[in-house]
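Chain naming follows the written order as A, B, C, D, E and F, and within any one chain the residues start at number 1.
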């Protein structure tokens, strides 16, 4: 049987980054992604989604461990310093593991 | 008497400061902005059809130069007087060199309720003034390095929402002329001030959220947020007079110069100069300069234009 | 003939009962409510400017008393006849002592299409009537204990969306007067009934979702949802007559008394009396009383007012 | 001269193709669709009141037959010439046998700006034409098997958003008549073309997203997306002439026949024929046929109707 | 003490399936579900939520292992072939485990 | 190396609680939170987000174990009885663990 465990990587960050991040994910060979609109608060203050400039997005990527690490490293290097952003990773069981 | 749309702005600001639960859905704010941008473009486009393009070229070029100039003046003030980081100074300078469509709309409403005519092709100048300062800001922050991806920056800047809608409206208005547009007038022209009222209500709420930042970053930002538009309005008045604009047109150009962007420029800066702190520029542009212009600036620029024209005559 | 806005309500209700896929985006419902609240406030504000404030004070105080009274009458009925838990009885009583802006708007449309004049400062009374019952409800549920955080409750109640927009509209209308507002008339006044139609379409859809609860909680809630507004309308008619209101004004006051809140009060109760089951009060206010008032109540209250005035005269 | 609403469509399409950041919130697109559907229904309903229902029955039946016929003609073309899978051919056929309300609205605007009258009960025929092709599509894909849950399919089809709003509007318009509706005219009739402009702006953006699919699935889809509406328009013109419609009415019927659904049918097919690839039908209906009809089709159908009527007369 | 570990099953799929899936979940004895609007990309291309036809939803169900397996099996059999869809499962600790 | 495992606490509840909960989280020393709009169903019936009164929110907090337990205990005590609400916790790996 195939190994059905994969990583679920979640990024919460500024909505302004959506286009850039989607392009990045593609280049880092993620096979897919899911985005929901979000608001929140953290070290960069309250982001209440009242308008574009204060809106967050929540991006999820299901992928294998290497891809998750590659994405985490890339994002940490390019965006952590200048953007409101958090990233976390957990284990998930998937159906059709070849998809991810 | 004070225009009711300004009262809507105050209502929003007060509700926000009192932490009321009033909130406009983001989708509505977006919709209202889209209608305003299209309406402004359409209005300008109708007039464009009436004049030879050649006669507008000098004004367009002058306004592009104005955008470069204002950003270049603001930068050293912010960098050396304000002691901001290079990226922050560049980004704030870009905001103040560019324009705010909301402020423009309030100036139009101001002149309208006083029945003061102005050159109707002003939306064209509005578009012209939007871009140059963004380019200045990016170059000031990053230098003219080879690595800067100008292609994608140009894409970002010229295909942003506000330019597409303003230019699109201008072209549609130009192609259709006044009779062609009469069927869509009820939405874009008759409702204009009502929609502007809703827009300003939300602007008031947004302005109120900037107070925290202002408290933290102190008096220089406040001083700059008032001093810079006054200076820019002077320059704008001078240019309007030099270009032979009417009093109304001069008021508009001064207001455009005095206004600071909070839509197009923040979006562009966030991607192209990410190391600039967006809180600073928004607090200044939205928390200080927008209310200043809307509440007291525009009447001042009006007085200025009247004075300049009187002075010029004799 | 039946007003088309009522037909929109029926369309929504039927679509909802048939489980159609029709749905209005929440952002649109929000927007439509905001415009209605502002429009009602603005309309009232224009009239406020015309009369000395002092002459309105007695009416305002009477209406505040009315709000206290209705909630205090409803409570024991619910508690002892309806055998509801203390918190539930208090919460439902608060809903019925307060008002529904949607019902008010339908009454205005009803009078408008019959060309029956009414005192235009009614929106002021609407605001006055919104709050007292909320306070009664909270006190009935919790007692006058020291722990109740009245500060934050007052904040919640007085800075809720509907009061801010109604009061804001009143003040803007009052400050601007009819000519000042003429530029925003097309949105707030000309579109009023069209926007009310959209609002009632959504109200119909919302009403339909209450049927399940009603089935579960049975006949008492239905009886109360019809009996209470009839009683309140009687009281309202009497008060209107005593205050010397015109027939139209009496109809409006009776309708206000008869209407049950489904916006401001539910939000306040959810936070201040969380142990009350919100399903109960919404099922009654939205599932029974709103359609009852809108479909048959208002004509009854009209007949009542005519009768009371005729009776008084001779 | 080209209608400005068409220019809004082009603006959206160009912005989309250039990958501009312009985007209309989904809630706004929804709202704008709802208003258009209601407005079309209301307009038709007013006229229904004027004519005996019996006189419309033949037209209604003829149009139902037209819907069956068009879907049944399209299917073999797609299946054998286009070599599509059975489910895909059935689904695309259903799209083309049904109608597009957006296209209808553009045809109405086209005739309106040329002051060409048409039978105002057309919205009734629009509703009639929406459903039959859906049923054909499902039967073609699945056969007449016992397992098909016709109950839930009927629910899905007849209680979908567009039918509920069109029929609801028709009934409200019919019950209220022109004077009854005068109070909601400013929203539903005066703003109609402005709202249509916003709708077409979004349609342009949506159309632009179909280009990728078209590139992949190649020339047959493009040919079908142009050839099928031309054929359907011929049939529609013939039927309009046979039913004794005016020139304007014939143009509308031809346009209805030529239009391909992109709201009601995709939703129904997705649930009832899930094995059909929705990308194919949307690319054809939205990426080819909608722009074709809107930009060049309607004038062609107009010429066709003029020619048919001239030919018939002499 | 009761076992407080449950499964969190997440499905991302086309918005058109919402009604159907909610009915399915009910029949498969899930005690609740949470839905958020989403957009994304995967093997079925970009779904940007510009309108109904390109909108995604993200459904979460907290349930016991058997229910999670039953849902996964049902969904795989009925929808995987014809719909843009992914499904993944992870472990969560819950309060009030009797609720799920 | 620092321990990079943290807790991801998720609450789904009525939208009316948003303001109150955000204040609570702050007092319970959560360093941040993310909110998305949601709808759903459970023991309190269907909440379809048709309007304010039937809207849900989904709050996520990444934090250390003690904070997660404190939040869970607080929420259980104050809101479980009277509000439509679920809460669950899982393990996640984070970058910049000092942030949480």
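We take it that a residue touches a chain if its C-beta (ideal position, glycine included) is under 8 Å from a C-beta of that chain, and two chains touch if they have at least 3 such contacts.
Molecules present, by chain and UniProt name: A, E, F = Nitrogen regulatory protein P-II family; B, C, D = Sodium-dependent bicarbonate transport family permease.
None of the values given here were measured: they were computed from a predicted structure.
S.K.: Touching chain E and chain F alike: which chains?
M.R.: Chains in contact with chain E as well as chain F: A.
S.K.: Report back the single chain whose CA centre is most distant from the CA centre of chain B.
M.R.: Farthest by centroid: E.
S.K.: Relative to chain C, which chain has the most distant C-alpha mean position?
M.R.: Here the answer is chain A, farthest from chain C.
S.K.: Quick one: chain C and chain D, Cα centre-to-centre, how many Å?
M.R.: About 41 Å separates the centre of chain C from that of chain D.
S.K.: How many Å are there between the centre of chain A and the centre of chain E, using C-alpha atoms for each centre?
M.R.: Centres of chain A and chain E (C-alpha means) sit 20 Å apart.
S.K.: Averaging over Cα atoms per chain, report the distance between chain B and chain E in Å.
M.R.: 46
S.K.: Quick check: what residues of chain A touch more than one other chain, meaning two or more?
M.R.: 36-37, 90 - these are the residues of chain A that touch more than one other chain.
S.K.: When you check chain C against every other chain, which residues touch at least two of them?
M.R.: Residue numbers touching two or more other chains: 21, 23-27, 186, 191, 267.
S.K.: Name the graph shape formed by the protein chains and their touching pairs; answer line, ring, star, complete or other.
M.R.: The chain contacts form none of line, ring, star or complete graph.
S.K.: For each chain, which other chains does it touch, given as pairs?
M.R.: Pairs of chains that touch one another: A-B, A-E, A-F, B-C, B-D, C-D, C-F, D-E, E-F.
S.K.: Help me check something: in the complex, which residues belonging to chain D touch chain B?
M.R.: Chain D reaches chain B through residues 1-5, 7-8, 11, 15, 18-28, 109, 112-113, 186, 190-191, 193-195, 197-198.
S.K.: Mind listing the chain F positions that touch chain E in their complex?
M.R.: Where chain F meets chain E, its residues are 10, 12, 36-43, 56, 58, 72, 76, 80, 86-90.
S.K.: Report the residues of chain E in contact with chain F in the complex, numbered from low to high.
M.R.: By the definition above, chain E touches chain F via 6, 8, 22, 31-37, 62, 90-96, 99.
S.K.: Can you name the residues of chain B that touch chain D in the complex?
M.R.: Going through chain B, the ones touching chain D are 25-27, 30-31, 34-35, 155-156, 159-161, 164-165, 168, 171-172, 175-176, 180-181, 183-188, 191, 267.
S.K.: For the complex, give me every residue of chain C touching chain F.
M.R.: 23-24, 26, 29, 202, 205-206, 209, 212, 262-263, 266-267, 270-271, 274-275, 278-279, 282
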